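In what follows, a single structure is set out as C-alpha cells and then discussed.
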Amino acid sequence: MQFSALQLATMLDGKLEGNPDVKVSNIAKIEEAGEGMLSFIANPKYEEFIYTTNASILIVNESLVTEKPVKSTLIRVKDAYSAFALLLEKYKQIMSNKTGIQQPSHIPASVKTGQNVFIGAFAYLGENVVIGNNVKIYPGVYLGDNVIVQDDTTIFPGVKVYENCVLGSRVILHAGCVIGGDGFGFAPQPDGTYKKVPQIGNVIIHDDVEIGANTTIDRATMGSTIIRQGVKLDNLIQIAHNVDVDTNTVIAAQTGISGSTKIGKNCVIGGQVGLVGHIQLADGTKINAQSGLSKSIAEPNSALMGSPAFDYKSSLKSQAIFRNLPDLEKRVKELEDMVKQLLSVREGV
Amino acid sequence: MQFSALQLATMLDGKLEGNPDVKVSNIAKIEEAGEGMLSFIANPKYEEFIYTTNASILIVNESLVTEKPVKSTLIRVKDAYSAFALLLEKYKQIMSNKTGIQQPSHIPASVKTGQNVFIGAFAYLGENVVIGNNVKIYPGVYLGDNVIVQDDTTIFPGVKVYENCVLGSRVILHAGCVIGGDGFGFAPQPDGTYKKVPQIGNVIIHDDVEIGANTTIDRATMGSTIIRQGVKLDNLIQIAHNVDVDTNTVIAAQTGISGSTKIGKNCVIGGQVGLVGHIQLADGTKINAQSGLSKSIAEPNSALMGSPAFDYKSSLKSQAIFRNLPDLEKRVKELEDMVKQLLSVREGV
Amino acid sequence: MQFSALQLATMLDGKLEGNPDVKVSNIAKIEEAGEGMLSFIANPKYEEFIYTTNASILIVNESLVTEKPVKSTLIRVKDAYSAFALLLEKYKQIMSNKTGIQQPSHIPASVKTGQNVFIGAFAYLGENVVIGNNVKIYPGVYLGDNVIVQDDTTIFPGVKVYENCVLGSRVILHAGCVIGGDGFGFAPQPDGTYKKVPQIGNVIIHDDVEIGANTTIDRATMGSTIIRQGVKLDNLIQIAHNVDVDTNTVIAAQTGISGSTKIGKNCVIGGQVGLVGHIQLADGTKINAQSGLSKSIAEPNSALMGSPAFDYKSSLKSQAIFRNLPDLEKRVKELEDMVKQLLSVREGV
C-alpha cells in the first residue's frame, strides 16, 4: 500500500513542505529509514538526522527550525509524536482488516455470530458459542462449548479457550495462549497418589485486556478466575485457578501467580516474579523482576524486591552488602584478631 | 442440563428435606450460589451461610442441626464433601462426554483406533498411530508417526506429540503442551558454531499422569525421557531430554528440569524452580518455589530452599539475616569504632 | 526400516567383523541396546560392555582390542563417535523425509513455493507467503501474510509466525513457538489506563537458528527483532521487541530478554535468566542459570551470576558466606559481648 505526501498531510491536517507526490510504502525509525519510507522527529535530540536521513517523508513539529536544506518532504503538525502514533494505528488497522468466514472451519448451527466477523480456516467453535460484532478469530483457534466473545475482540492463531469462558470487548489474545485449562488441584491420598479435584469454574476476561503469546490462565475450581478491565499480561505468564487481577494492572513476561491470589488495581509486576497462593496485593503495588512474594501487601503503592521480597529500598541495601559479604566477613575476622589481642593483653596485665 | 432435588437425592442415597421438584442447572460455592444452583456445606465455619444463601439445593452432613428455617432444599448425606466431589466429577464427565470422529481430520489408513473414541476436527494423526478405547483427542491435536495413546486418555486442543512417543492410560494433556520436541543438544565446533546432535529417542508418559497447558517435554537424545505413574505437572514447565520423573511427584508451574536429571518418587517441587542437569533427587524431596538446585540430594524427604538451594531451615535463617544485613554491617562498624578506641586507649597507656 | 551390517559397513567405509547379514532396525546406548539394535563404543570406559551387550551391531574404533569373544557384529572405523553421529543424522533425515502438500491446507494463489516442499494438513499460509526449496511445514502451522521462509527450513506443528516476519535457511522452529507477536508496549494514560503502542515492525531470523518449543519472540515496535546466524534458543524463552541476539549465542530454557537489549556473539546464557531492557552484553558473556542482569556488560567473555548478577567468582564467595550468615551473626554477637566486657573492665579501671 502506498501513500503520497499530499494524502498524509491531508489526513493529519498538516502543512506540506517539498514534493507532494512522493510516495511511501513503509514506516521506520529516523536512523533506519530509507527511500520510500515514512518517519518522524519529535525529540530534539534526533533533529540532526533530518539532514542525513533518506526517508522520503518526515512528520515533524510545526515549531521545528531547519538550518540547512532537507531532502525529505516534510509534514508539519502540532505534535509530531501523536500524529505519527495515529498513523501507526491506522496502518495496523488496515493491515489487519480481515473479514469473512474461511473454509474449512467448524461452526455448529448453535453458534451465534455478530456482524463484520472474521473466522479463519481451521478455527473450531464449540456448541452455543456467541461471537460479537467485529470479532476476529484467526486460523486454528479453538473455542470450547458456550464460550462468549464480545465485540471488537481479536483472537490470534492457535489460541485455545476451554468451555464456558467469557471474553469481553476489545480483548486481544495473542497466539498460543490457553484460557481455561484445569486448575492444578489434586487431593493427596493415603497411598501417596493424588486424586484430581474437578475444576468446574471458568475464566472471565473483562474489556480491554491484552494477553501475551503462550500465556496460560486456569479456570477456577468453582466460580471464576477473573482478569479485570484494562489488565495487560505479557507472554508466558501463568495465572492459576481462582486468581483475581484487578483493573489496569500490568504484568511482565514469565511471571506466575498461584491459586486464589488477588491482585489490586494499577499494580506493576515485573518479569519472572512468583506469587504464592491465597495472598492479596493492595492497589498500586510494584514488584521488581524475579521477586518472590509469600505474604499479602496491605499498604497501597508499596514497592518490593527480592526472593523472598521485602521493601524495595531495604532490599537494595541488603543486596549491596551481599555483594561485599566477603569484605564484611574479613572485617569480622580482623575484629576477632584485635579483640583476642586485647583480651590477651588484659590477661597479660 | 437440569437436575431435580429428588434426582440428586436418589443419586447420592441422601435424605431430602424441602421441595423435591426444585431444579438446579449450575454449581457454586455457598457464598456465591444463587437461585437454580447447587452448593454444599461440609465445614462448620460455613454453616452460618445456610440461612442466607439463595442456593436452590444444598448438600449437607446428616448431623447438621438447623436452628432457623432454611429456604434451600437440603439433601442430607453421610459426608457432604465427598458427595459433592462425586457430583462434580460426574458433572465434569457429562460435560466432556464427546465421542465420534469429526471432519475434516487427518487419519491415515495405518492408524488403529479403539472403541468409543472422540477425534475432533483438524486433529492430525500420523502413520501407524495407535489409539486405545475411550480416548478423547480434541481439535487441532497433532500426533506424529507411531505415537501410541492408551485407554481413557484425554488430549486437549492444540497439543503436539512428536513421533514415536508413548502415552499411557488415563493421561491428561492440557492444551498447547508439546511432548517430544528435540532435546537441546549441540556440539560446539572449533569455529564457534554449534552442530546439532540428532535427538532420536522419545518420551514415555506412564498411566495417570496430568500435564499442564503449554508445558514442554523434550525427547531423549537416545532412549527415553520418562514421566512415571501418577506424576502431576503444572503449566509452562520445561522437562529436558533424558529426564526421569518418578511416581507421584508433583511439580508446580514454570519449573525447569535440565537434561538427564532423575527425580525420585513423591517429591513436591514448587513453582519457578530450576534444576541443573545430571543430578538425582531422593524420594520425597521437597523444594521451595524459585529455588535453584545444582547438586544431588541423597537423603530422602529433604526440604530445600534458595538459589542455590540448601537445607530449608538454615535457608530461612540466612534469609532472615539477609533482610537485616544493613543492621549487621552497622554493628560491625560500631565494633570497629569501639575496638579502635580500646586500642588507642591501650596505646595511650 | 532395517539395515544389514554389510550395508552399514559399506556406508561408513568400515571393516566388518562377524555376521554381515545381521540386521538392525533401532539405535540405542550401549548399556541399553538389545537384539536388533545398533550401538557404538567410543569412550574406553564403556569398553567393558562389549562382552555383555545384546546389540546386534556395534560401531567401534579401529584401534579397539578385544580380549574375549564378542557376540555382536563389529564395524571398525577410524572414529566411532563421528561415524555413529553421522548415522544418527542420516537416520533422522530419513525419518523426517516428508514431501508433498496435504489437504486440506490453506495456500492462497499469491503464495510462492519452491521445490521438494512439505506442507502438512491444516497448515495456513497467508497472502504472498514465499516458501523456499526443501522447506517442511508441519500440520497446523500458521504463517501470516508476507512471511518469507528460506531453503531447508523446518517448521514443526502448531508454530505461529505473524505477518511480515522472515525466516532464513536451515532454521528449525519447534512446535508451538510464536514468532512476531506484538511487543509489550503500552503508554500509561493520566486516568491510569494504558494505550496500546502499535507494533508494526517484524522478526528476522537468520540462517541456522534453532528455536525451542513454545518459545515466544515478539515483533519490533518499528524495525526488527533480530536473531542472528547460528543462535540456539531452548524451550519457553521470551524474547521481547527490538531485541538483537548476535551469532552463535546459546540460551537455555525459560530465560527472558526484555525489550531492545542487545546480546553479543558466542554468549552462553543459562536457564531462567532475566535481562532488563535496553542493555548490551559483550561477546562471549556467560551468565549462570537464574541470574538477573540489570546493567550492560562491556568486557568480553565476562562470567556472571546472581540476582542481581555480578562477577561469577565474587558471587560464589558471597553465596558461600550467605549460607553461613547465622554463623557470622553469632561471631558478631560474641564480639559485642567481648568488647562490652573489655569496655566495662576499662571503665572499671
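The first chain written gets the first letter, and so on, giving A, B and C; residue counts start at 1 in each chain.
As a working rule, a contact is a pair of C-beta atoms (placed from the backbone, for glycine too) under 8 Å apart; a residue touches a chain by one contact, two chains touch by 3 or more.
Worth saying up front: this structure is predicted, and the values here are computed from it rather than measured.
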item: Overall pattern in which the protein chains touch one another (line/ring/star/complete/other); value: complete
item: Interface residue overlap between copies chain A and chain B, same or different (over half shared); value: different
item: Between chain B and chain A, distance of the C-alpha-averaged centres to the nearest whole Å; value: 25
item: Touching two or more other chains - residue numbers and ranges from chain B; value: 104, 122, 140, 158, 176, 214, 236, 254, 272, 307, 322, 328, 332, 335, 339, 342
item: In the complex, chain A residues that touch chain C; value: 27-29, 32, 85, 88-89, 91-92, 95, 102, 104, 120-122, 138-140, 156-158, 172, 174-176, 208, 210, 212-214, 230, 232, 234-236, 247-248, 250, 252-254, 265-266, 271-272, 289-290, 307, 319, 322-326, 328-329, 332, 335-336, 339, 342-343, 346
item: Touch list for chain C against partner chain A, complex; value: 104, 106, 122, 124, 140, 142, 145, 158, 160, 162-163, 176, 178, 181-182, 184, 186, 192-194, 196-200, 214, 216, 218, 222-223, 236, 238, 240, 254, 256, 258, 272, 274, 276, 292, 307-308, 310, 314, 317-318, 321-322, 328, 331-332, 335, 338-339, 342, 345
